[in-house]
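Below are two complexes that have chain A in common, paired first with chain B and then with chain C.
On to the complex of A and B.
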């Protein structure tokens, strides 16, 4: 039993709280030993708006997972999402000073530290420094140590967020007497589960469209080049339908599930469907075109926003592996066609098939699964005495935790 | 907007207002009015069903067409209702005698309401009264036949009334709380009718900032009704003006295909507490004319009612002559966009613009700024009303995409 540690991946989403428990043995292998979920309350657009409600839901889910696995959790990996999350690139460069003109470990540490040094806006905390490939005299290199050159450039995609909102989420976990080992951007976590290493090598964009927010991460040469979050999700589609068709949110939700489509399939504007389909008093006909048009406009716009935010990174020639969609809204009919259309590349709906059993295959556990994977790598790094370059694991760690 | 006190000479004889409820649904509306009966409004009910009539608390009630139906009702046949009305023509003429303003309330789709209403309206119009009808339309689930009857009835009624205000039942039940019973939904309809009638009554009988008289009312409805625009709004508190405009804009009756979105003749009545100033009225009017018809012939009234305190209520009724091939219908969805695209491009960088819009949304969400009444400009956010906006390239993404793009959504 010694050397095994139980970690939990916790996602407090707008739709549900998902918890997965993983046992790390010898710091090497990971076994999923329990899961729990609970519908969310007090979360809007990926952010906590009612601490106690969100807290209760999170605790219920964690408790369910603990009871199922009959273990105690040693540490929690927490997913973060929401409109407060921003990203920017941070660069720095150094001249190589060693007599033989070869890059030393000190050079790399120095340039990395300089790149990470840049000040953040007030009240913000770093979530990740995602390292992009180094450039040595303008040449892209993965690992520059011992290579010859004059000038080494380091480039990070820095993801940061409002520290108060981040601490709120951490406090929820602390409130259950659990320790948050690390926080991870939702989009990064789910990309671990739904996209293959091969795809990440070739160039892939992962978009996780949840109920309240959309997280995305783009990969090239196996590295995350950019990641972010847009606080638009499935709720917005329902809300649009509710306003556009003048119906209740619940009815809008039901219409979305029954007839929603990311492209307009029914061009005939006179074709109608029943609103409640219960043939009871109050039921009426709604034009199918109106439903599909409202949904298409919203989804298309969402993808366009992602594309604009990524700029050149989202150009089709950079994404030979296409786009992988996950999250609840990825179940929307024809969404892959709409995606392919906007990004001018192929698109598929992802699931956790590659790394999880049948039961956890659905992408609703992608984020939690990705978090466990993160936890495993983090564990590995701690166990190794020689702490080599920590890649995109180098980050805040314990910065917000209660003492 | 001109005060004309000398025209109030008629005050002596008073404007005679009457509400006649026809059939089951119509009687129910009048029954409700009984509870809050404004003085100077005479209430009557007419039915072909003697038994149903017996249950009504209204004093002035008449069973018509006994010779035809035997007092057993019209059995859902409008033709029977019509014959019943024609058989008792003398009674109807008597009822309409000496009435200046007649409100008819009826449920369309059945026998009595659908059959009698056009006859009664015709008689009243011939005797010189101004006729405004409030009619409910059947539920879609009641299926084609009833709906066909109702549509035919509506068209006939439009030919003879000065204004017809249809209230679709589907909409009524939807506007009520999810758990509400059918009865609650109907009482919502009754409440709407009550508000409209009271609003017009207040316009005629109370004095205020801007007074309206009957001849102006008559002028507004001089044409036979085509599609009628009808909306109610209310708001209270510090920010009452903005709220009342918002509430009017969201009035579900303005969003059905049954209603016109623009009108040639517009009657606006604003009832407010003592705090209601002339500048507030001006602001409301500017917004309403912008929204419902820039070239409209607008008649407005503004009444101060001490009981309302910081509350403001608006009632808008508009008519257009359909046969004239009105160009005013359904332009609403092209209105949105606004603010966004209009931001001056000459000076200021993109950041400035974003900042400006950020400020605007911020201000609006706090509801503090009086200048930002933005009627056309305010954008519906539904569930996200109170959350921090998601600004991207100067647009608040929480607002529906179709709305920002100005895409017209058929209902």
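On to the complex of A and C.
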């Protein structure tokens, strides 16, 4: 009998809640078996501001996915985003003490533990310790065991966030009587879906632009060197349009979708478009140049913030594979041209084509899809469900939970 | 882990995994609450189905292993509540129930052995045939066919006491009960050479079928003659000699009784109308010739 496990990838975003169910068979293959989608409420800039509204939306989406797949979920992989998420480099080094001067497993464990032990700010909880390549006497090595050297350095990119905000997100899932097996930064999850392994080895920056926040992750030598989130998203472009053109936010959002472009295409300042395009009272002409200019400025500002956060990691020579864009706002016209201009490297719009069917190919589902693949890859380390179901009574309980 | 405890622990080792993942009702949406309740109901339903199947299987296994015993056990639940009795004679329901003795049979319809009850009834000399039926769930049906007496016979028991017995058309001798005396007193006495007895019971009288035919013929076509008959004798077998108040001795041969009875009736009538006195002897065995010996008629 094949042992299978059903996991859910849940993204509670500012714009939507997306849930994908995947069946992992014998820890080797993943089949997407259910999909739930619900417009989001109670979430602002990736953070929960109304617990019950956000719960209702998330639970409705999970239930829809469960009903579609007609299975019970064993565990949830939850995406986290929002301005509270921060990252920092944690470094430590040890002298190699073995008589033959070769690195042992104990040396690695020791230096890793030291790097991870650094204090966090008050009321913060670690989300990821992303290991960067080791340095052995200053040279970068992927696996230093048995290599000769005198000094071993470990370097982690520690991603952490406000534990109250993380608790709220986890408790929403717990409120549906489900256990969160792992939390994953949204940028990391989407990068699994939209960036290839080759790109990650060469050096690539993945930017997931959502409605309320933007997540990013930069990869080199196949490892994540940095990841984070900034609380700026597609809503800010609409907001700037609203202020700049003195129109309502809803109208600004509509203009952004209809005429928005990340670079100014129309230089003629007299060219105008209808605001509502219904020719009714209140409809008026708006300069197209103004729309494109505002959008471009805002998008450039967003990318510059990301570039500033990444610092040296965002230099073009470190990103030979360029920038991959995903998320709802990545549908903005000419955004890849603007990206390439800002980062001075090539850019493309990512999609999930390599691992998803037609209806899930759009990059707005990259996070949920990436969570499933994250779950497949790391399930052996984070298999809480198996731990809970250990023993005869645990298995019996598991059988009843399947009903 | 509660938040305060985590804060005291220090932020260096604080991970998202330290956040407690208890399911709190406050955190549940209505959708989640419904799902939880439906899940519980399904689990209870499944547990009930499993329990019912298990109990059913257990009972089935017990039935398979102890089937016959269960059948007997079930019989204890079928007591006899009604006994229906039909008799074509003089034996009443009360007398039959006394003979049946339900308590001795266990008062269980399933336990009653119909054949043995039938044998018990047919062992009673007055009962010619008995039919016993079980009518489920609680009724025992008894139908009795009694012997019809054609004559009386007098015998003595071992202590020399005189016994008044009855004989039916098949020659069975029995001690009749519940007969009305008016019915018994009109029966003629049977005069035979010797009445044999075995195991305390009188043996069947052989060759009595012709007597039966004669008496039943007389009873039906000449009841006035029959009522006057006192003794029927087989001592001069195969001839049947009848003694009555009107004819001291009438001899019948064992054939065509109707004709012989008609002749006897004519002779008696003729004799009475001529006032020729009482007929002493009539021999009806000689065909057309009927010798009649008359005594002097005295008024």
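Basically, the second predicted complex is superposed on the first by the 377 of 403 C-alpha atoms of A that agree within 3 Å, B and C clash if a C-alpha of one lies under 4 Å from a C-alpha of the other, contacts with A are read in each partner's own complex, and residues count from 1 in each chain.
One rule holds for everything that comes next: contacts are C-beta pairs under 8 Å (C-beta built on N, C-alpha and C of every residue); 3 or more make two chains touch, one makes a residue touch a chain.
What you are looking at is a predicted structure, and each value in this text was computed from that prediction instead of being measured.
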Overlay on chain A: chain C relative to chain B, clash or fit | fit
After superposition on the shared chain, which partner residues are touched by A:179: those of chain B (first), chain C (second), both, or neither?
-> second
Could you give the angle made at the Cα centre of chain A by the lines to the Cα centres of chain B and chain C, to the nearest 10°?
-> 110
Which holds for A:167: it touches chain B only (first), chain C only (second), both, or neither?
-> second
Would you sort A:118 into first (chain B), second (chain C), both or neither based on which partner it touches?
-> second
Which holds for A:107: it touches chain B only (first), chain C only (second), both, or neither?
-> neither
Contacts of A:336 with chain B and chain C, given as first, second, both or neither = neither
Given the touch rule stated above, what does A:63 touch, chain B (first), chain C (second), both, or neither?
-> second
Superposed on chain A, how close does chain B come to chain C by Cα atoms? Whole Å, please.
-> 23
Set intersection of chain A contacts, chain C complex versus chain B complex = none
Chain C residues touching chain A in their complex are 3, 6-7, 10-16, 18-19, 21-24, 27-32, 35-36, 39, 42-43, 46
Residues of chain A touching chain B in their complex?
-> 44-45, 49, 83, 230-232, 235-236, 238-240, 242-250, 269, 279-287, 289-290, 293-294, 297-298, 300-301, 305, 308
Interface with chain A, chain B side, in the complex: residues 139-141, 169-171, 173-174, 178, 182, 185, 252, 255, 380-384, 387-388, 390, 392-393, 397-398, 400-403, 405, 407, 409-411
Spell out the part of chain A that touches chain C in their complex, as residue ranges.
-> 51-52, 55-56, 59-60, 63, 117-127, 163-164, 166-167, 170-172, 174-177, 179-180, 183, 400-401, 403
